[in-house]
Amino acid sequence: MPVRQWATPFVSALGWFFGVAVVGTALWEGYKAFGQLTGDVFPGTDINLPVSTDDLAMPHTWSIAASLIEPVQRGVDISLGSYLVQQAMVTLQESFAGLLLGTLVGVLLAVVFLWFGAVRQGLMPWVVASQTVPLVAIAPMVVVWGGQLGLPAGITVAAISAYLAFFPIVINMLRGLQSPPTIQVDLMRSIAASNGQSLRMLRFPAALPYLFAGLRVAATASVIGAIVGELSAGTGNGIGRVILNFTYYYSSGPEKLYAAVLVASLAGIVFVQFIHLAEGLLLRRRPRS
Amino acid sequence: APSADLATPGTSTGDGVADHCESGDEVRVVLQWVAQSQFAGYYAAQDQGFYADECLEVTIQEGGVNVVPQQMLSSGNTEFAVSHVTKSMATREEGADLVNIGQIFQRGAYLQVSWADSGLETLSDLEGQKVGSWGFGNDLTLRAAMAGEGMDLEEDTTMVQQPFDMSLLLNRDIDSAQAKTYNEYAQLLEATNPETGELYQPSDFNTINLQDLGYSSLEDGVYARGEWLRDEENQDIATRFLKATFEGWAFCRDHFEECTDIVLDNGSTLGYSHMAWQLNEVNRLIWPSPEGIGAVDEDAWQQTIDIAMQGDVLATEPDAGAYRTDLSEAALEAARENGVDVIGDDYEPEDVELAPGGE
Amino acid sequence: MSNRVVIDVDNVDKVFDASGKNSVAALQGIDLTIDEGEFVSLLGPSGCGKSTLLRVMADLTASTSGRIEVNEKSATQARQDRDYGMVFQQPGLFEWRSVLRNVELPLQVAGVAKEQRRQRAQKMLELVHLSDFERHFPWQLSGGMQQRVSIARALTSAPKILLMDEPLGALDEMNREYLQSELLRIWDSTKTTVVFVTHSISEAVFLSSRVVIMSPRPGRVAGVVEVDLPYPRTARTRTSPEFYDKVTEVRTALHAVLAETETV
Amino acid sequence: MSNRVVIDVDNVDKVFDASGKNSVAALQGIDLTIDEGEFVSLLGPSGCGKSTLLRVMADLTASTSGRIEVNEKSATQARQDRDYGMVFQQPGLFEWRSVLRNVELPLQVAGVAKEQRRQRAQKMLELVHLSDFERHFPWQLSGGMQQRVSIARALTSAPKILLMDEPLGALDEMNREYLQSELLRIWDSTKTTVVFVTHSISEAVFLSSRVVIMSPRPGRVAGVVEVDLPYPRTARTRTSPEFYDKVTEVRTALHAVLAETETV
Amino acid sequence: MTAIDSSSARSSLVSPSWLLHNVLPVIVAPVVILTLWQALVRGFQVDSFVLPAPTDIAGALVEEIGTILSASTVTVRAVLLGLASGVSGGVTVALLLARFRSLSAPILTVAVIVNCAPIVALAPIFNNWLGTASIASKAGVAAIMVFFPVLVNTTRGLLNVSALHLEVMESLAASPRQVTLWVRLPNALPYLFNGVKLGTTLSVIAVIVSEYFGGPADALGVYIAQMAALPRYAEAWAGILVSAALGLALFGLVNLLERYLMPWNATTGSGG
C-alpha cells in the first residue's frame, strides 16, 4: 500500500528511531567494552572515564532488553515490558488530557490577548514568569487543591501537565492569530465581517500551522508535566512513579530503571509523532513552506 | 493469592467483603513509602481477609518521594494515612485537622552510620563532617540528639540530601549516613566488599543508635481527619479498620515467613532476605506493646513533640484533639475477644541472615 | 456615463499619530468627486497618501477631519452595506480555501445560502477565465492567476464600487499588460465604479477615464488629467501617438509635482 | 567606446536536471559578445533564461556546454580574480552589518586593510548619495535606498564588469526612474561594462546601448536592438519621440517572440 | 526618500502614552492578582496548607531570605554550569554539522526526536553516573536538556542562510571560512538566542528536579520540597518565588546579552 504523503514524516520518524536504537546500542556497548578493557581509565593514564562501566552503572543492553520479558514482580505473570507499556499508557492519557486542557486554556487566552491589548500587556510577563516556577515544587500543592475540589488524582496530574503545556500554545497561537497580513484583515473589514467571523474564517485557520508548532512543543512539555505530576500525585500510577520506584530499587536491578526510562522516552516520542501525524492530516492541503 | 492490583499498580484492593457482611465500606490507606515490610501488617490484613471480615474494602496506596501522606489525608484523597507524629502534627498546625487514632510503632528506629575506620563514634565526632540526611522531617530526631550535644546540624556539619540508597556512604561521598534499623542498615550489610568479595559485616561500621541516646520519636501510626471522624459511622469504620490492622500485625509476628511472602507478593522488588530482615526489625519496634498495639505512650508522645518543637517544626504544642485512644481501645478489645494476642509479651525476634543484594 | 455622484470626498484631512511627535500629515484638504461608472486612478510618488485616501474612502481608516459621502451615506454605512469590493497589491487569498471558496467568502460573510453563493462564485470565475481552477488551492496558481481570483472575489457580491490598491504592482510587465486589458473588459461588463491606485503612469493612462495626481507631504490633489482616449482600449492603444501624448502630459504634471516638493 | 571584447559567450547551452525527467532546457545555443564599456540589457518574458544566462556569465551556475570567455580567461578565473560586481533583484544586504560595513564587504573579503577599505566604501556611498547613512542598519532604509547600497557594494572593488539581475524590479516606478538615471550617471563616471536583466521595455530602452531580446523554452537570443539614443539620457529623453519609437520597436520585436511561443 | 528613523522609535520609549500602554498594565496586573489572592485567602479563611496569604509569604521571605539565598547559590551554580555546558556543547556540535553538512540532516532529525523524550527522567541515572552529591549530576541533566534545543536551533540558523547572501559571497570569491564567519555565524545568532532562552527555564527545571532525587541538602529545590512536605507553605512559596525570580532574571540576562550582541535587532529583538 502506498504511504500517504501526510504519513511520511511519521513513518520516517519510526525509521529514524530504529536507526538511533542501533547506533545507540553500539555506542553503549562499545564504551562499556572499552571501559572494561582499560579498567575505566583513559588508556595510559589514571584519568577516570566520566562514567564507570560496571554492570551497576551501565547494564548490558541485552540485560535491559531481557528484563523486559521477565515478570515484573514475584508471583505475577505480567512481564516488565507490558507493565511499562501499561504504565506509559496511563501517563500518556494524563498527558493527553493535560494537552487538551492546556490547549483549551492556551487558545482562549490567546484570543483574549488578541482582543484586549491591555490584558496582554499586563499578563504576558506573568505568563512567562509562570514557566520559571519550578513545577516539581508546586505539584504537591496542586494535588492538595485537586483533592479539596474532590477531583481524582489523574485529573490533578493532567492539570499539572496542562500548566506546562499551555505556554507554548499561548505564544504560538497568539502569533498565529496575529499572522494574517493587513491585506487579509482589511479584506474582512471591507466585507463587513464581524469579529467572530473574522476569527472563524480568517484568524483561526491562519493560526493552525502555528498552533501545531506549539502543540509539538506542548506535547513534550505535557509528558514532562505528567511525569513530574505523578511524582507527587500519589496515585501510584504512571511511568513517572515507576521510574521513581525503580530508582529506589536501583541497586537490586539497575536494568529496570533503564528500561523504564527508555519506555518513558519512547512514549514521549510517539506522542509527539502522533501530533505530527494529525498535523500532516489536517494541513495536507496547505503549501509546504 | 497475589493481590497486587495491576490495573492500578502501587495499590492493592481487596477482592470484596466476607459473606456475613450486608455491604462493604470502601476506604483507602496511604503508606509512607513503597511496598515493604515496614507496612507488612496492612498487607497481611488485606491478604488474610481481616479487612474483608470487618466488611471493609480497603485500597492500600503505596507512598514514595513527594507522596506526602499527611497531604493526601488533609486534601481528602484518602481516609487513613500512615505517618509520623512530628510530620502530622506540623501539618495539623497549618490548619489540617489530622488526628492520630492508633500508634503502631512504639519505638524509634534511627541510626547514624559511619565507617568503622573513620573513627566517628559519637555525635560530637560528626563536627565538620559530611553528614547525610533525608530531610522531610526525618532529620528531626538527629537534630534533637545533636542539640543535646550542643551542636547544630547545619552549622557544625555539611549536610547532604541523602537519596534512597546507601551509595553515598558506600562510595565514601559522605562520612555519616542516616539509616533505619529495618532498611538502610540492611542495605549496607547486603553490599559486597570489593576488597574481600564478601558481604560487609556490622564490624565494618560504627552505628550510633539515637534511641539509645534517649532520643526516640513516635514513627508509623494511623491518622484520619477529625472532621471525618465526627460521623459515628466513620468512627465505626475506623475502629474496624484498626482492629483488622492490629490482627494483621499480630499475624506477621506469628507467621514470619508467610508475612514476608505477602509483602513480596505486593510489589516489593527487593529480595526475600531484605524483606525478612525488615519485618524482623519492624516487629521489634512494635512488640511487645505493653498497653496493647496502637496505644499512645504519653511520655513518648511528649518527647516526640519536644523534638519537633526543638527542630522548629512545631511552634506550639498540639491541642488535646491531636490524638484519641477510644477507637484503638475499642479495636483492641474486639481483637482480644477474637483471641488475638495484642501485647506480644513473649515475642522473640527471629535470626535473619542477609544475602548479597538482599536476595 | 451618468453623472450620479458615487463618492464625494470633501476637504478631508488625515494625520497619523496626531498627538505624538512623529505625527504625519498623510492627507490634507482632499476634495474629490467620483461619478458612477468612472474609472479613476490615483497616481503619485511613494508615500503621497494614495493608499491612505483609498482606505479612508473604504472606511478602513478614519479621516481626521472632513466629510466623505458614498452613495449618499457615510463611508461606514457603505462598508456595512457591503457597497465595496476591494483588491490589494497582493492577492491575499486564504491558502486554506480552494479557489472557489475564496471567491465565495464575501457572500458567506453576508450569510448567502450555500447553493446560491456557489453559483455566483462560479460565474465570477468564468468572468476571469479561471473556471477550470475552482478546486485548486491558491498556491497552485501563478501570481497573475491569483490576482485574477482576488478580482473575482471582489466582484462576487456585485459591489457598486471597486477599490483597488496597486493590484498589478507585483506582476511582471507582460502579465501586467494582459491583466490591464482583462480589467477593462470586466469593468465594461460589470459597469462598476473603479478607484485604482497605481505608481505607473502608463498604467494609469491606459486604464482610466480620469487620473488624479497626488503630491506628497502632506498628501494633496495636485491635479487631475482627463483621459479622453476612446474605450475599448486594446494593445493597439498602447502604441498610438495619442497614448504617448497622454503619458507625456501626465508625466509632465507629475514631474512638476515632484520638482515642487523636492525629489525622491 | 572601444571594441575590446569583455564577455564572449559562444554557443552556450544550459539544461537543468539534465538526467532527471523534469529536465529544463534553460539556454540553447547562446552566442553573444559584449564589448568594453557597453550597457547591454537582456529582455524577455518570465522564464526565458535571462537570469540563467547572467548567472552562467558570473560563474554562479555552470553551463552544460559551450564556452564563455571573460577578459580573455574563463568565467571561473574571472570570478576568482573578482572581475565582477553583482547586483540582484533584492538588495541582499547583511542585516547585521551597518551600511558602511556592507559596502566594505567585498574589500574585506579581498583582504584590503581596514583604513583603506573604509575610505573606499565612503567614496562609494557618496557616489550613491548615502553618506549620511553609513552608521544605519539596512532595516532603517527604504527599499530604494537599500538597492543603492547594494549598487555601492557592487562597485566598491572597482569591478570591470557589473552584472545586474533586475536590480530595480522591486521598486515603484518613480523610484525606479530616479535610480535609472543614477545608474547611468554612475556608469558614465566609472566606465564599467554593464549587463542588465529586466522585464521592462522602457527601462531596457532608456538604459542600454543594446537590448538583447530572449525567447523562452528553450531560452534563445531572439533578436538584438541597437539603441542609438545619445547619452547622457535624461528625464527629457523619456518624452522624446525617438524614445517612443525605440520602445515601439522593442515592443514589436518582443511581441513577435511571444506570439511565436504562445502567450502568458 | 525617507529612512525609518531609529531615534524616533527609541525616544517614544519614554512617552506618556507608551508608559500607559506598556508599563502600567504590567504593574497593575500583579497588584490586582495579589489583592485578589489576599482577599480570597482571608475572606474564605483558606487554610495555609491549601494556600498561604501573600502577606504570610512575604513574612516568610523576609525571615528566611538568608537561607533561601544561600540555597539559591548552590542551585544557581548548577544551573549556570548546566546552561553553559549545554549551550557550548550545542553550539560546538552545530558548528561541526554546518561544516559536515551531509551529517546534519540525519543528526538533526535524531536530535529533534530525542528532544521529545522527557529528559528529566534521566535525573536518577545521572545521579548514579556522576555522583549524587556532585554538582555534575545536576548540571549534567540541565546540560542535556539545554543541549538539544540549542543544537537544533543553532544548526538551523547556520544552515538557513539566505541563498542570496551565499551568492553574494560566492560572487566575491569568498573562502568557506569567510562565509562561516561573516554569514553563517551572525545569521545563527538570533536562532541561538531562541534556543538559549528556552534553555534558561529548562535548566532551572532540570536542576530542581535533579535535586529532588538527592544531592546537597542546602539547595533551593530541596528547600522548597522540604518546606512543602513539613508543611510550611509560606516558606515553600517564598522559595518558589525566589526560584521563579531566578528564572526570570536569567531570562532577562539572556535578553540583555542578545541586545548587546545583536545591535542590528534593536527594535525587533523584543524576545519572549
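By letter and in written order, the chains are A, B, C, D and E; residue numbering begins at 1 in each of them.
Quick note on the criterion: contacts are C-beta pairs under 8 Å (C-beta built on N, C-alpha and C of every residue); 3 or more make two chains touch, one makes a residue touch a chain.
Labels paired with UniProt names: A, E = NitT/TauT family transport system permease protein; C, D = NitT/TauT family transport system ATP-binding protein.
Since the model is a prediction, treat every value here as computed from it, not as a measurement.
**Student:** Out of curiosity, which chains are bumping into both subunit C and subunit E?
**Tutor:** A, D
**Student:** Taking contacts as defined above, which has more of them, A-C or A-E?
**Tutor:** A-E
**Student:** On C-alpha atoms alone, could you tell me the rotation angle mapping subunit C onto subunit D? Nearest 5 degrees is fine.
**Tutor:** C-alpha superposition angle, subunit C on subunit D: 175 degrees.
**Student:** Please report how many Å separate the Cα centroid of subunit A from that of subunit B, as a whole number.
**Tutor:** Taking the mean C-alpha position of each chain, the two centres sit 36 Å apart.
**Student:** With chain centres defined as C-alpha means, what is the inter-centre distance between subunit B and subunit C in Å?
**Tutor:** So the centroids are 83 Å from each other.
**Student:** Where the centres are mean C-alpha positions, what is the separation of subunit D from subunit E, in Å?
**Tutor:** 47
**Student:** For subunit B and subunit D, let me know how many angstrom lie between their CA-based centres, rounded off.
**Tutor:** Each chain's C-alpha centroid was found; their separation is 86 Å.
**Student:** Which parts of subunit B, given as residue numbers and ranges, touch two or more other chains?
**Tutor:** In subunit B, 65-66, 68, 71, 74, 164, 167 touch at least two other chains.
**Student:** Which subunit C residues sit where two or more other chains touch them?
**Tutor:** 264
**Student:** Identify all positions of subunit A at which a residue touches two or more other chains, and write them in rising order.
**Tutor:** Within subunit A, residues 136, 140, 144-145, 148, 231, 244, 247, 250 contact more than one other chain.
**Student:** What residues on subunit B touch subunit A, complex-wise?
**Tutor:** My answer: residues 2, 4, 6, 8-11, 30, 34, 61-68, 71-72, 74-77, 164-165, 167, 187, 191, 264-265, 267-271, 357-358.
**Student:** Mind listing the subunit D positions that touch subunit C in their complex?
**Tutor:** 45-46, 142, 144, 169, 172-175, 178, 199-202, 235, 238-239, 241, 244, 248, 251, 255, 258, 263-264
**Student:** Which positions of subunit A touch subunit B when the two form their complex?
**Tutor:** 73-76, 78, 83, 86-87, 136, 139-140, 143-148, 150, 153, 231-237, 241-242, 244-253, 256
**Student:** Hey, which residues of subunit E end up touching subunit A in the complex?
**Tutor:** Residues in contact with subunit A: 21-22, 24-26, 28-30, 33, 49-51, 106, 109-110, 113-122, 124-125, 128-130, 200-201, 204-205, 208-209, 212-213, 220-221, 224-225, 228-229, 233, 236, 239-240, 243-248, 250-251, 272.
**Student:** Show which residues of subunit E lie in contact with subunit D when the two form their complex.
**Tutor:** Against subunit D, the touching part of subunit E is residues 1-6, 162, 164-165, 167-174, 178, 182-183, 186-187, 189, 262-264, 266, 268.
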